[in-house]
Amino acid sequence: MRYAFYLGCATPVKALKYEISTRNLAKILGIELVDIPEFSCCGFPVKSMDSFAALLMAARNLAIAEEKGMDIIGVCTGCMAILSEAKEYLEDEKLRDKVNEKLKAIGAKEYTGRVKVKHFARFLYEDYRLDRIRDKIVTPLASLEFGIHYGCHYMKPTHAHGHFDDPSNPFTIDGLINITGAKTINYPNKNLCCGLTIMGTAEDISFRLAAEKLEYLSSRGVDAMVVACPSCCIAYENNQKLVGKRVGKEFNLPVLYFTQVIGLAMGLSEKDLGFEFNRIKADKITEKFK
Amino acid sequence: MYNEFFDREKLKYCYQCGKCSSGCDINRIDVSFQPHRLLHLISIGAADNLMEDAGLWKCTTCFTCSERCPQGIKVTEILWIARTIAVKAGHIPELLITQKDILLRTGRLIPMDNKKRGKAGLTAIQEESSVVARIFEIVEKEK
Amino acid sequence: MKKSLPKTIKDVEEVRIETDLLIIGGGNSGCFVAIEAKEKNPNLDVTIMEKAHIDRSGALAAGMDAINTYIGEGETPETIVAWSRAQVGGGPLREDLALNNAKILNECVESLEKWGVPFKKDEKGRYKKRGRFDISIHGEQLKPVIAEKTKSYNPRILNRVAATNLIKEGDRVVGAMGFGIRDGKFYVIKAKATVVSTGGAAGLYRSATNDGTTSHHQMWMNPFNVGTGYAMGIRAGAEFTLMEQRWCAARVKDFCGPVDTISVGYKAKMINAKEELILQTRYGHLGGDTAPRYIRANAPMSEWSEGRGPTFVDTRHLSPEQVKDLKIDYLNERPTYVLFLAARGQDPAKEPLEIYGSDPYIVGGHTASGYWVDAGRMATIPGLFAAGECAGGMPNKFVGGCAAEGVLAARGASKYISSVGHGTLNEDQIAAEKERVFSPLLRGSSMEAKYNIPAGQDPRWQYDGVTPEEMEERFQRLMDEYAGGVGQFFKFNEEQLNYALKHIKMMRDQVNRLFATDLHDLVLVHDVIDRLDVAEVVVMHLRERRETRWPGWQTRTDYPAVDPNLDCFINSRKNLKTGEIEMFKRPYEQILPGDRTKAPSPIPLSAEKA
Amino acid sequence: MKIGIYLCTCEGEIEKVIDIDSLVKEASGWSGITDVHKDAFLCSEDGIRKIRKDVESSGLERVLIAACSPFFKMEEFSDLGLNKYLVERVNIREQCSRAHRNDPENATKKTKAMLRIFLEKAKYSQPLQPLQLPSLRSALVIGGGVAGINASIDIAETGNEVFLIEKNPFLGGKVAGFHKYFPRMCPPSCGLELMFSKIKSNPNVHVLTSSEIDTISGSPCNFEIFIKTSPRHIDMDKCVLCGKCLEVCPHNAIVYPEGFSYPCIPAINKGLCAVDCNKCVAVCPVDAIDLDEEGKATNIKVGAIVLATGWEPFDPTPLAEFGYGRLENVVTNIEFEKISKEKKISFEEPKKVAFIQCVGSRDERHLPYCSDVCCMVSIKQALFLKEVNPDNEVYIFYNDIRTPGEYEELYQKARRRGTIFIKGIPSELKQDEPQKINFSVFDTVAGKRLDITTDMVVLATGIKPSQGTIDLKEKIGIVLNKNNFVESHIQCYPQDTQRNAVFSAGCCRAPMDVSRSIESAGAAAIKTLQFFNNCTEITPDNPAVNILKCDVCKRCIEECPFKAYSFDEKGFPKSDIMKCRRCGVCMGGCPLAAISLGGLSIEQLSVMLDVFDRSYLGEDEPLILGFLCKNDAYRAVDDAALKGITYPPNFFGIMVPCAGAVNGAIIAKAISTGIDGVLIAGCPDNQCHYIHGSTLAKARLTDISNKLKEMYLEPERVRFISIGRDDPEKFADSIEEYVEELKKMGRNPLRL
Amino acid sequence: MPPYVVKDKCDGCKGKEEPLCEQICIGDLMTLDMNTGKAYCRSLRDCWDCMSCTKICPKGAIEQRIPYQLGYHGAKLIPMMGTDSITWTCVDINGKVERFTYRTRNKK
């Protein structure tokens, strides 16, 4: 099981705990994640400036993986959505030729459309499969309860993601977490967007969006919010204080990556899961499994 | 531009049921943001008035509207394209300018910090800094 | 869906048909047999067994630009026969056959026009003459027209069924067997009378233009006429005549297309490298341009062998209109010759067209090789008839003559049918034939299982056996080098022939190593087997005629002169007990008086004079 | 051969432009012409009498009528005393004198050319005698809903036999389950009961419930149908409707009729029974129950078929955002009918109910069409709620309210009664507290966002074609459109299917309400009767395959729009005289040009080209040979003339049944023999009367123009234009520019 | 002299069994590729260049070429079959175009 590991921009700088936990989790699951230094930005930020440039950037990354003969596994839902979307657009041959000609011009490989793109969570759910994860559980996380935040781009746009999961009622990450024995709650604004993408252009809306979910989950008293995307994590964890201030509340809701939770159940150490980087300490949780 | 490959035809089919706005969380918080109105304005060719419209930059691209549009209009995509048009018309939010600048310099949105990674025991990553710049060069040449 | 191949002989389905008249080969003459038979007796049950599809099968597949034998004004059946006799150096030939053919020749030709083939006309509205007995037509649709006429009589037509052997009861032929090239079934057809009209035998020799890769079949005669008709007769013990009279012709070099079109049709003279008029300078005593065919055929090759090649037909006098007509003629007969000229960027009006010898063919419609038949075209085995190129003894039939042969065979056969009932089949013979026919296929399918061939490789070259292509190439090379092929300027001697015979026998011992991996392959296998059988007889005949009567057609370096004692038919018959080919002679009977080597000039027409 | 040519001056109109006399002189010189006659008024009784007289006295074998378009005066010229296939109409009025009124000289030249050509055509035409194949005067009606029932009644009451088959145990279809139906708001019972009584009383109607089509063979006029009937397990004659079985059955396997049902006898759904439970058998006082009853097969023969296979409600589950099946009190309009009928929920004490329109309908991912009835249904149900208790709060969230015609009244009524109509569709339904549904919707009119909480949400789900229709597609050989409704020429022949003698009624053709279903049932019945009466005479002018040429490549079988081809005993393709619609698409497609229509043979087209004077306008004028499809293009060309539109005389039109009937070999010959341009004018793709005729024509033409390209000729020399019947201007314009282009191209190098 | 089938033109004669070129070929050389549904020549070396397949192909999908050993590349010969006429277009290696049209059947 060898895959091109697509880190993206945020993870390797702003979500070290995500990267660390992912790498270690992959290790014990026997999944080889190969680092590809040639990878560049997926194109998401550029999409608002020049859609074709964005497409080129995505295509380039796809081409690189294809040339290395590996499918892509990523951890950032945004990157995965953009790459998948690009894949879909590039099924149009006319467009693909146009793109390849440009790729040639910048000395990149041509993309023929063979490479697959999957978010790590999706990969675990679809390809690695739950039962095999279950086998590796050593410390069931019964007694824990989480609220999952999927992140819009995890399964949307559905056509780009091959209609994986159900946008109005997502369940796959719940599945992954439940495997560990932990409970997950189904809550009204489960599908609410974290709002990070507009933090720079419409900060107020962005914060209010974040606040809504934080408020609700706090009120439900879950042990933590579980996320699958560095951006969402930034919105809910890094910004938690700011958001609180904006709506005049004090939040103290730990935000964990699904990889950390699963890792925990598989007996990985806090260090291996980068708990040290949790800005809102999840000690309550870790205590239980000391 | 690949919106030439994007099915604009669909846009004409919008019959203003408003489902996009109904389901939009931004609209819930800031009622001035109304996807169905954006679509309408674009489809009647009154897009220019949109350019200054801050609404363009309020969408989080959560795709809820696209998913639920009965006419299968890729609302989010259209909004994205509207943005690029605005940008070309020179209505660029501060943030974008800085972002573009960083991208051109480093090839990534958030510059690499290998020192930090080192501390965390993660291997350093050599960044492909020039890619984005090269791509933009090409695309600019296009026009 | 394509047919799945049999694994054992039991898997082979059998089709049994009972018919009055079985026609093997639905080409020109075959169709005429059917038409005539049905015309005379609509209730007669007629079956045509055709290896290809009668819409486009036989030598006319590509079309035809002329009818080479038509008795125009001022000519008579006698004059055409005498002319034909002179064309083969005075014979020997069966004048009796020639005469009764000539009597019905014109009606056959004219019927073609009635059925829809456009004939060129002269200003007087008569058929446009091109040579003395030659008339021009637009024969692109010639075969389809004949086929449609045939179908209109609604005979039983078995397209894509290849005949493999005749069924015999005692010494009578009571039908024939074959296999379906599409359905893979074994056909046993019981017939009161059987007509063989499979055309001549091409591919006995390697073609001078054969470069192996894509030009293997770059030859003049239809390469799918492999002489099955002769082979079946030989194997059945029928008597054959003049099989040594090979048709070697002067042909357009590197294309091997017909030359009469140009030399006869457009009065283009043969010249050599030195621009000498070959026929005039060297064969004036034999009549120059009107010299016998074999002379005209051999002339270019002897020029080459004597170092005066290359040789041409000089077309430089042609006007643009004539060139266009010339090309149209070719488009009607061998369209790709026009493509060939284009591929050489050649304009006949500027450069002469190069000519060269063709590989030798056994084609009884042109020379007189073939079955020894009686006036009703019945062979020496009762119940078996020969038509078109199969019927021997009479040269220069061509399209019209072969059509007439068909009519005559049909009449002969009908008469015979009315006098006999159905024979009874010998099941052992049938079982044995079925085995013989399909065993190559069974060998092939067994080998598919036996070997593991990496994808992308043609397995056939790796199996432990012989592919028909391999044997065909080996055999054609043998014939070319040792039995006077074009590569040897048609020359041979006793020793070479013996060598050829020895190796033909060796190859015949190898035929049980031939294998086929599909039904198409199976056709090739039986093609090469039949060719071997014909070749053996041909070589025997060549050896038996210890003289040189028709230089080119038959040039013996060890007996360079004509031997008056051999002014007779040389015939052969396979001894079915010993399996040996037995040779013997039959006398030549002259019917038309006069010098056999001279063609009488046409009766001058008062109309023409005025 | 004796031929008479009759030129009409149309009371001088034609003669104003065309020099008829010179033509008369000219034509009398032609070989085979025994009679050339000029008449001022050919279609008058005298005119006709004159022709008939000549035919009789001088024994004419062919007659040419050079006058107006063949679409005029059909009756008058239909019987001239010789087989009508031997009469040739030459359209010199619409296509010459009117079209070229501004250019008399050339108009006359063109007329002459036309006469020559159609004369030649006439020489090669064959007389055809109509066959007598009367139709069985019995019909099969498939589907026992309102449409089916009414079609049956109408056919039966005009004295014909009808077999009405229904796959459920009872007639009445969906309507039987409704509470009320609009516009009159009466309960289904009243309407249905009336219909049922008509069925019961009419011996011509044979009802087969619990029955389905097994196979259909034969062809129009004489279909043979095998019907499978599954067992009812209850003896219709014995049962006394005591209802005991219903009480004892533990698995509610008893399908019990309602008061008005027909047949009013329960049925047992054995699928639900437990093995040897037999309670019902035990309890039945008249032992009418036989659980071992076998199904039976029936074999009937009918002349025509009426499809009334109806519809199915759309299942909104895929629209997950509406939470159907997930949230309480979110129901479909169908379910609401049941609720209101069976009073499952009382609306006595006021409730708040929201209707959401266009759920699934007008949604390209589900039902891309408007389901036609949902607006009315919601209004009806709104009114019901207001009736029960005016204080019920009713919201209808809509895109567009569609209440055509008088239905507007109900719309107004609903508004009067205080129903609240809001333009705007909610995006997601939630359930924050049990039993309540809350959602927010953007009111696009108010530009405001409303947050609403209701007791119930009714999803106005649409109508989708029934599975039954789809299952019958292959069996009957009908064509369904992209949405799986029965394909028909919706505009002119809505009741006709693409197969002869098969008609459609009700929702299997398109979504429609009860009253329109009943209308369409009546129409289908009329169509059936017409068929019974008209198809007593069939002319064998369907395409014939020349088996001397045919190589059985099967292309005709593949391309025939009506699947009319099958193999004859000798293994050659043969068109079924009944299935065939004479479009000639096979004739156009045959690679060996071996197929000919009775009225227009390949040979005729070929010889017409032989006598076509390539330079009737002089050497330098380009020449366009046009093949005009009879349904649209040819009419459009006629209309051009009527509207006084003129076009260059370089164009020369021949009528073909369909653009698809023009064979490549003909076009090849035309180009080979020096015609400068070949034009095929057909219907716009989606309007082709023969489904894909013009599409195929276009494709074939493309092949030819590609070939011309390879031959270093201008590919534009052949072209396809689609002309609507009502678009003569387009035709004239395209000819104008075509001629110009051809002039630029220069003359066809193949012209001798 | 091999026939070459132009893939995007050939439609396998739609019959899904035996395309016309396969029916007509005197050498049993043309056949249908069951995977692509398109015709091809199973043995280029064995073709006798009678052009029956080229003439009969309704899609004009078959090209004849001269074996390179014998003639140079780039020449073309294209038949166009009318009901009772044929038109040949010949292009030589220098791009010179010649056309020939004539009747192939008498008028009945």
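Residue numbering begins at 1 within each chain, and the chains themselves are lettered A, B, C, D and E in the order written.
Methods note: a contact is a pair of C-beta atoms (placed from the backbone, for glycine too) under 8 Å apart; a residue touches a chain by one contact, two chains touch by 3 or more.
Only a predicted model underlies this, so the values are computations on that prediction, with no experimental measurement involved.
Chemist: Name, by label, each chain that touches both members of the pair chain B and chain C.
Modeler: Intersection of chain B and chain C contact lists gives D.
Chemist: Trace the shortest sequence of touching chains from chain C to chain D and report its length in steps.
Modeler: 1
Chemist: Let me spell it out: compute each chain's centre from its C-alpha atoms, then which one is farthest from chain A's centre?
Modeler: So the chain farthest away from chain A turns out to be C.
Chemist: Please work out which of C-E and B-D is bridged by more C-beta pairs in contact, and write that pair.
Modeler: Between C-E and B-D, the larger count of C-beta pairs in contact belongs to C-E.
Chemist: Whose Cα centre is nearest the centre of all Cα atoms in view?
Modeler: If one averages C-alpha positions chain by chain, the most central is E.
Chemist: So what's the Cα centroid distance for chain B and chain D, whole Å?
Modeler: 47
Chemist: For chain A and chain E, let me know how many angstrom lie between their CA-based centres, rounded off.
Modeler: Chain centroid spacing, chain A to chain E, equals 59 Å.
Chemist: If you average the Cα atoms of chain D and of chain E to get two centres, how far apart are those centres in Å?
Modeler: Roughly 41 Å, centre to centre.
Chemist: Just how far, in Å, is the C-alpha centre of chain D from the one of chain A?
Modeler: Roughly 54 Å, centre to centre.
Chemist: Could you list the positions in chain A whose residues touch two or more of the other chains?
Modeler: 167-168 - these are the residues of chain A that touch more than one other chain.
Chemist: Would you please write down the residue numbers of chain B that are in contact with two or more other chains?
Modeler: Only 64 qualify.
Chemist: Find every residue in chain C that makes contact with two or more other chains and list them.
Modeler: 53, 55
Chemist: Mind listing each pair of touching chains for me?
Modeler: Applying the touch rule to all chain pairs gives A-B, A-D, B-D, C-D, C-E, D-E.
Chemist: Which part of chain B faces chain D closely enough to touch in the complex?
Modeler: Touch list, chain B to chain D: 13, 15-24, 27-28, 31, 34, 36, 64-65, 68, 70-72.
Chemist: Quick check on the complex: what are the chain D residues that touch chain C?
Modeler: Against chain C, the touching part of chain D is residues 547-549, 551.
Chemist: Quick check on the complex: what are the chain D residues that touch chain B?
Modeler: For chain D paired with chain B, touching residues are 321, 358, 362-365, 399-400, 423-428, 439-444, 447-449.
Chemist: List the residues on chain D that touch chain E in their complex, please.
Modeler: Where chain D meets chain E, its residues are 551-555, 557-559, 589, 591-593, 602-603, 605-607, 610, 663-666, 668-673, 703, 706-707, 710-713, 749-750, 752.
Chemist: Sort out for me which residues of chain A touch chain D in the complex.
Modeler: Touching chain D: residues 166-169, 188 of chain A.
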